[in-house]
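Below are two complexes that have chain A in common, paired first with chain B and then with chain C.
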Partner chain A sequence: MTPRLRIGLLGLAGLCLLPAIWKVAAALPPFGEPTAQYGPAVNRLGPELRHVSNMVSAVNFDFRGFDTLGEEFMLVCAVTGAAMLLRGARGEDLSARAGRVEGRAVIGRAESTILISRLFGPATLLFGLYMALHATVTPGGGFQGGVVIASGLLLTYLGEGYRGWRQLIGSRVLDAIEGGGALLFALAGFAPMAFGRAYMQNILPLGTFKDVFSGGLMLVENAGVALAVTGGFAMLFLEFMEETRALESESGG
Partner chain B sequence: MSILLAMVLLLAALAGAGVVLTRDPRSQVFALAANGTVLTLLFFALQAPDVALSELAVGTAATPLLFLVTLAAVRINRQRR
Partner chain C sequence: MSVLPWLVAAWLFGIGLYGIASSRSFIHLIGCLSVCQSSTYVLLLGIGYRWGAVAPVFYDHPPGTPAVDPVVQALVLTDIVVGATVTALLLAMALQVDRKYGELDPQKLRPLVAKARR
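After this line comes the complex of A and B, so read on.
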């Protein structure tokens, strides 16, 4: 099939579909005026029922907390699978040489890169921590905080180089953080059952509206997600960065 | 729809087209990161800060890094054969 024929076919198919697309598009609600009732209902009832001001966290960790548990374990499975595929063979040794492409100059890090990374790396880590802690109050939460912390670790890599970075973050620690976080989330769900309540029912004191410690059980689940996401993404970065090292048999001594 | 929103939507269309039309994989990674930045702006303009923060970290830092490392590993491996 020549490219011209293919484009012709595409145009023909588009023309055939056009009336149907037009009919559906004309029947859509106007932009910015959703007809769904769920969001407004949560916004109206959430603050009173759960004492939190970030309704996204309330939906993620309380009203639909069970769905988040599923997503949490999907992430754990994905990261575990990637780690199993990539772990071993290269980069485990802290002093492993960087892999090189023949005939390509190796350019060291500029001092400005180191300066900027050392300035913004810790600030990013702190911001991620802030975001994870304030899940029930301001936008963001365990997942967002976790990925921001993991990005901060990347800045640390740019600032300190591979060896310093590897000395800073241990693979074992990341394993424990990731698995422990997911376990904490699941256990937070089982805890209410010990008191004869439903799975993941919010039985902890809800705290005061707009306070960091508002939301009750949500805080525990959020901490679990923050740990699991930080550990998961950092482990993914670590396993991938190891792939840029030379094979141990080649770097030998 | 406000002018700001219309402009960001247009920018998102341009950035997305940029990713598709870039042919060199390494440049494409940076086009992808730029697209992530534009999407972050779009989500922010649509008052979805939670999604914007996720997109910022995943779309502009995590995904591009994984692609860059993969490309580097492919190049390092290729010359060994």
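After this line comes the complex of A and C, so read on.
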């Protein structure tokens, strides 16, 4: 099939679907005046029922916590799959040396890069931790905080180089953080069942509104997500970095 | 002006789909898939938006202030994070395909052709 034929077929399929698309598009609510009832109900009742001020976290970890469990395991599956694909071709062994492609010049890091990375790396880690811990109070949460922490780890790599980075972070630790986080989320759901309640029912004390320790069980689930996201993103980065080493051995180095 | 967000979402989805259909490299195809994915974020956030409303975080505003829909925001938030890892999985697959066949053009990667060549 030539590319032109493929585009033609795509256009034809689009034309066939056009009446249906048009019907759905015409039924969309006007922008800025939503008609959904679920979200406003959460906004109205959330602060009172769960003592939290961040409604997005309340939806993620409490009202629709079961859906987030699914998302969490999608994340773990994707990360595990990527790690297995890469390790399957390369082998389990990891090295503390970065790979080199023969014939490509190795350009050292500029001192300004090291300075900026050392200044902002720890600050980014701290900010990520802050975001993850204040999930139920201010904008943020385990998902965002985990990604910011993983970005901080990236900055640490830029500042310290591959060898220093590998000394700091063990692959086994990342495996444990990633899987342990998902496990913590699932177990937090089972805990209420030991007391004869429903799965993931919020039975812990809810705490005070606008306090870090508010939301009860949400805090445990949020910690699980933060761990899994941090471990997952850091592991992906590590695995793709190890790919450069595989390249080295292929080129006969 | 109120149709603009829907048009942006449709345009993003359209160019992403065009890119996927006309792609000549899996890396490019994965990038196009991410563009398609972004269109759903625009659509979802557009559906939840309310004129003159605040973010659904009642820290600076007292509870009861008109706020935008938190459900779609939670959807988009988790999807951005999960989508990034799925993209990484797809890129790992592309790496394996390249290692096995030395080729990243979907056009030249028909399974039957690959088998016949061996």
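Keep in mind that, in the parts below, the second predicted complex is superposed on the first by the 200 of 253 C-alpha atoms of A that agree within 3 Å, B and C clash if a C-alpha of one lies under 4 Å from a C-alpha of the other, contacts with A are read in each partner's own complex, and residues count from 1 in each chain.
The rule is simple: a residue touches a chain if its C-beta (ideal position, glycine included) is under 8 Å from a C-beta of that chain, and two chains touch if they have at least 3 such contacts.
This structure is a prediction, so every number in the text was calculated from the model and none was measured.
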Partner contacting more residues of chain A (chain B vs chain C): C
First, second, both or neither for A:Pro47, with chain B first and chain C second: second
Chain B versus chain C as contact partner of A:Thr156, first or second or both or neither: neither
Touched partner set for A:Phe233, first chain B, second chain C, both or neither: both
Touched partner set for A:Val148, first chain B, second chain C, both or neither: first
Which superposed partner A:Pro29 touches (first chain B, second chain C, both, neither): second
Which of chain B and chain C A:Asn202 touches, first, second, both or neither: neither
First (chain B), second (chain C), both or neither touched by A:Ser117: neither
Partner chain in contact with A:Lys210 - chain B first, chain C second, else both or neither: second
Partner chain(s) touched by A:Met241 [first = chain B, second = chain C, both, neither]: first
Residues on chain A lying within both footprints (that of chain B and that of chain C): 31-32, 54, 56, 139, 141, 143-144, 147, 233, 236, 240, 243
Chain C partner contacts - residues on chain A that touch it in the complex: 1, 3, 6-7, 9-10, 25, 28-34, 36, 38-40, 42-44, 46-48, 53-56, 58-60, 64, 68, 71, 74-75, 78-79, 81-82, 85-86, 89, 137-139, 141, 143-144, 146-147, 210, 229, 232-233, 236, 239-240, 243
Residue numbers on chain C that touch chain A, as the complex places them: 2-6, 10, 17-18, 21-22, 24, 46-51, 55-59, 63-64, 67-74, 77-82, 84-86, 88-89, 91-93, 95-96, 99, 107
For the chain B and chain A complex, residues of the former touching the latter: 1, 49-50, 53-54, 57-58, 61-62, 65-66, 69-70, 72-73, 75-76, 79-80
In the complex, chain A residues that touch chain B: 31-32, 54, 56, 99-102, 131, 139-141, 143-144, 147-148, 150-151, 154, 233, 236-237, 240-241, 243-244, 246-247
